[in-house]
Amino acid sequence: MKRGFYIGRFQPYHNGHQSVLEHIAGTVDEIIIGVGSAQLSHQADNPFTAGERVLMITRSLESLDCPFYVIPIEDIQRNALWVAHVRSMTPPFDICYSSNPLVVRLFSEAGIDVQLPAMYEREILSGTEIRKRMLENRSWKNLVPPAVIQVLKEIDGPGRLRQIAGDD
Amino acid sequence: MKRGFYIGRFQPYHNGHQSVLEHIAGTVDEIIIGVGSAQLSHQADNPFTAGERVLMITRSLESLDCPFYVIPIEDIQRNALWVAHVRSMTPPFDICYSSNPLVVRLFSEAGIDVQLPAMYEREILSGTEIRKRMLENRSWKNLVPPAVIQVLKEIDGPGRLRQIAGDD
Amino acid sequence: MKRGFYIGRFQPYHNGHQSVLEHIAGTVDEIIIGVGSAQLSHQADNPFTAGERVLMITRSLESLDCPFYVIPIEDIQRNALWVAHVRSMTPPFDICYSSNPLVVRLFSEAGIDVQLPAMYEREILSGTEIRKRMLENRSWKNLVPPAVIQVLKEIDGPGRLRQIAGDD
Amino acid sequence: MKRGFYIGRFQPYHNGHQSVLEHIAGTVDEIIIGVGSAQLSHQADNPFTAGERVLMITRSLESLDCPFYVIPIEDIQRNALWVAHVRSMTPPFDICYSSNPLVVRLFSEAGIDVQLPAMYEREILSGTEIRKRMLENRSWKNLVPPAVIQVLKEIDGPGRLRQIAGDD
Amino acid sequence: MKRGFYIGRFQPYHNGHQSVLEHIAGTVDEIIIGVGSAQLSHQADNPFTAGERVLMITRSLESLDCPFYVIPIEDIQRNALWVAHVRSMTPPFDICYSSNPLVVRLFSEAGIDVQLPAMYEREILSGTEIRKRMLENRSWKNLVPPAVIQVLKEIDGPGRLRQIAGDD
Amino acid sequence: MKRGFYIGRFQPYHNGHQSVLEHIAGTVDEIIIGVGSAQLSHQADNPFTAGERVLMITRSLESLDCPFYVIPIEDIQRNALWVAHVRSMTPPFDICYSSNPLVVRLFSEAGIDVQLPAMYEREILSGTEIRKRMLENRSWKNLVPPAVIQVLKEIDGPGRLRQIAGDD
């Protein structure tokens, strides 16, 4: 049994995440997806709750051919404790997939194997870009899985983002 | 789509939980299982990490005929905020199943429908009883699903419990 | 201008508190009432929210002949910092009225004048006794000001207490 | 009985706040004034303690023809829990007055009625502008109620601001 | 260079601790002494601040023939993170000396070598016993190093303990 | 007995700190060195753990002719409580040496004597400058005591800094 760990903030979950996870699915027996900064929501950079992000991810991966866990991970503001925090909240794993330099460093110092995930078009497949498009009423639906469009519609996601990002 | 929420500490997950969840599975479209006091572990009353409990639950429900989410829920020590906390960490739900008086009260005051789960033998199907049996080296394996026996063996669960519950 | 500070948990506010405050009113220009453990509610020992307690106190003191402030004070779990915490949340004060040994010690070590408040019948005029009577459906209304009876009725106070103090 | 809620940081309390509250006083039976970011002080953007702000507000509203509560509200860094947090610290209220987009959104999602407060000259009647003027030793006293001038003098408010905003 | 770690609450530091540390001094190059529950003070079980405990320890070990560090360690209420927390606050160490079952378990699970410290008369050489004697005005000075007697006198240690342990 | 307090983040400890402490050593009987923001590490501005910084400081001061304490001080995000926090973690002190305006203000408001430390070349003897040089692979070893070079080599300090400061 080989388990892989993948973390992101998923604000929102998009086709880049989906493509990475589909690739990881071919290399491990089970995937653990950590939903980072789980305690944040209703911010311009973090508009969606952990629960809403869990829903986006789970729906989008319904036909993934690999069992997976979706686990909210609250920030602890203590980098030196973060790996222990993640491990306490998740089933044991053997490998971490990340291209974030801090995540790579922290797992490496803890003696855990880290691999760079497969590449994708990171300029437009990014949460920052998608939130920007939502704010400016430009097209973003082609950048996320259909299930995410559905969830965002149910929770009035773009409406919430536009309202909280507004000026006082 | 009707979603039900069920919360416990699952220290450990046992046949009583399993039987309640199998019953709930027949009444809703999806189940959300909250793993309470997620931040606690390595205590006589809370020996197992959230991740270990997620593993016990997921394995035991592999053949459940209802989609489910397993979500660690850290304590917040603020009863008046607890329902909002739970809802921020989970997909939206319509009904909560609980027999805990505080949980019932908090969800009721928040205007959420609460139902008592089906009954089972609560004297012996309880985490307290199972931990007591582990400590005293008495039989406990008949009280939990086979997958829990396997997980506890892999993490040396009874050994950990006996060591941390020992006297200084 | 001489300001006095008085702190309690007020679970609930009762005639003993009222009589102490009426006495203090005659000795200072303004009173600051700290509502301690403000973050707690829905517990057998702390059933009411800070806001509900603010309401009980303010209503009961409507005809007090001395200006007063009612300030929720959250616990900080750091005794050595507690006086600084209280002072940051309140207007400046010259004297503290308390018979609690820890409060007396902490204010004394900080160089603040402490006085014992006037005495009253502490056996029956106590939050513990009143909550016990509520739980046992015995008479308690004669122990609190009329405004408190009214507030507790509006929030279903005794009902909440009985439910959360119930067994699982 | 209709209660209205109004929140600000009041760094410091100024004529704009005063004029909004005088207007609200004509439309509700009681006003609850939440002192936001209560835990912050001694910062360039948040120079005054919650207690100092409570004092400024209470003094300035001494002749207001409407009962009011002044309640410090500490930040909780969890937007999804903030409304529950506010409600636990305050008497029950029916309506929230705010022009802050996040506050409006959070109360709206919680099903609470929100109204825009009456307008005033927001360019110069702002805490930012007043703190800037204090730092630059320009006139600011005409922008705040007389009671605020008095409180700031007693606590050496402008002096504190200038010192902590200085360079190392 | 071999460094050993030893942790206690030191409420107060006593001859048992002293004798253990003198023994450890003969087996390592440097000692790290963790002052546990550093955030607690002014409680019947934890009367002294971390700083006061640092002072007791440092003074008592002035003539120890081994370099040592005295490091306050605040609790984090997360057993699964505690070892990472300790390690982030201390210089690197190779071995932990402890007879506390939880400490032994946590360090063992983290792959760190743990040894039982040398034995001493644990019935009377215990913080619990010494605090009890202070409360009952019985002799305790023979149970602690002379430097501790001096520190406790300077801070009115027994007086503080008796006052905070008093009844309301 | 006169004790002086000196605080810094020491990211890393450098010759400027060393020269200030050598000067203070001539004016007090004992020095307390507070390691600020102790909880932070693995950040571009705070790369080193508290324990690593304790090690740098202690090693560099081995031949200082004045007893000293090195105490990690975690942030508390409450300026009004910070002095009480520091004092609870340290032996009692009579004077604080600091040129940080906020530190000066907070200690002054608490009635504690503050002195400006001796000057040194602050443009290049600064943590910011040293971290910048490490990132750019420019010479920095001449700005820190030899013991710091040794510690940073053992923990791969510059390597960690370069990795975590990298772009995703």
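Labels A, B, C, D, E and F are assigned to the chains in the order they are written; within every chain, residues are numbered from 1.
Rule of thumb we're sticking to: a residue touches a chain if its C-beta (ideal position, glycine included) is under 8 Å from a C-beta of that chain, and two chains touch if they have at least 3 such contacts.
This is a predicted model, so every value here is computed, not measured.
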| item | value |
| --- | --- |
| Equivalent interface to A-D, taken from A-F, C-F or C-D so that over half of the residue contact pairs match | A-F |
| Residue-number overlap at the subunit D/subunit F interface, same or different (half cut) | different |
| Angle, in degrees to the nearest 5, of the Cα rotation that carries subunit B onto subunit C | 120 |
| Gap in Å, rounded to a whole number, between the CA centres of subunit E and subunit B | 37 |
| Euclidean distance of C-alpha centroids - subunit E vs subunit F, Å | 25 |
| Centroid spacing, where centroids are CA-atom means, of subunit B and subunit D in whole angstrom | 43 |
| Junction residues of subunit F - those touching two or more other chains | 39, 41, 49, 78, 80, 87-88 |
| Pairs of chains in contact (touch as defined earlier), listed by label | A-B, A-D, A-E, A-F, B-C, B-D, B-E, C-D, C-E, C-F, D-F, E-F |
| In the complex with subunit C, residue positions of subunit E that touch it | 39-43, 49, 160, 163-168 |
| Subunit F contact footprint on subunit A (complex, rising order) | 77-80, 99-102, 104-106, 109 |
| Subunit E contact footprint on subunit F (complex, rising order) | 38-39, 41, 49-52, 54-55, 58, 69-72, 74, 87-92 |
| Residues of subunit E that touch subunit A when the two form their complex | 76, 78, 80-81, 83-85, 87-88 |
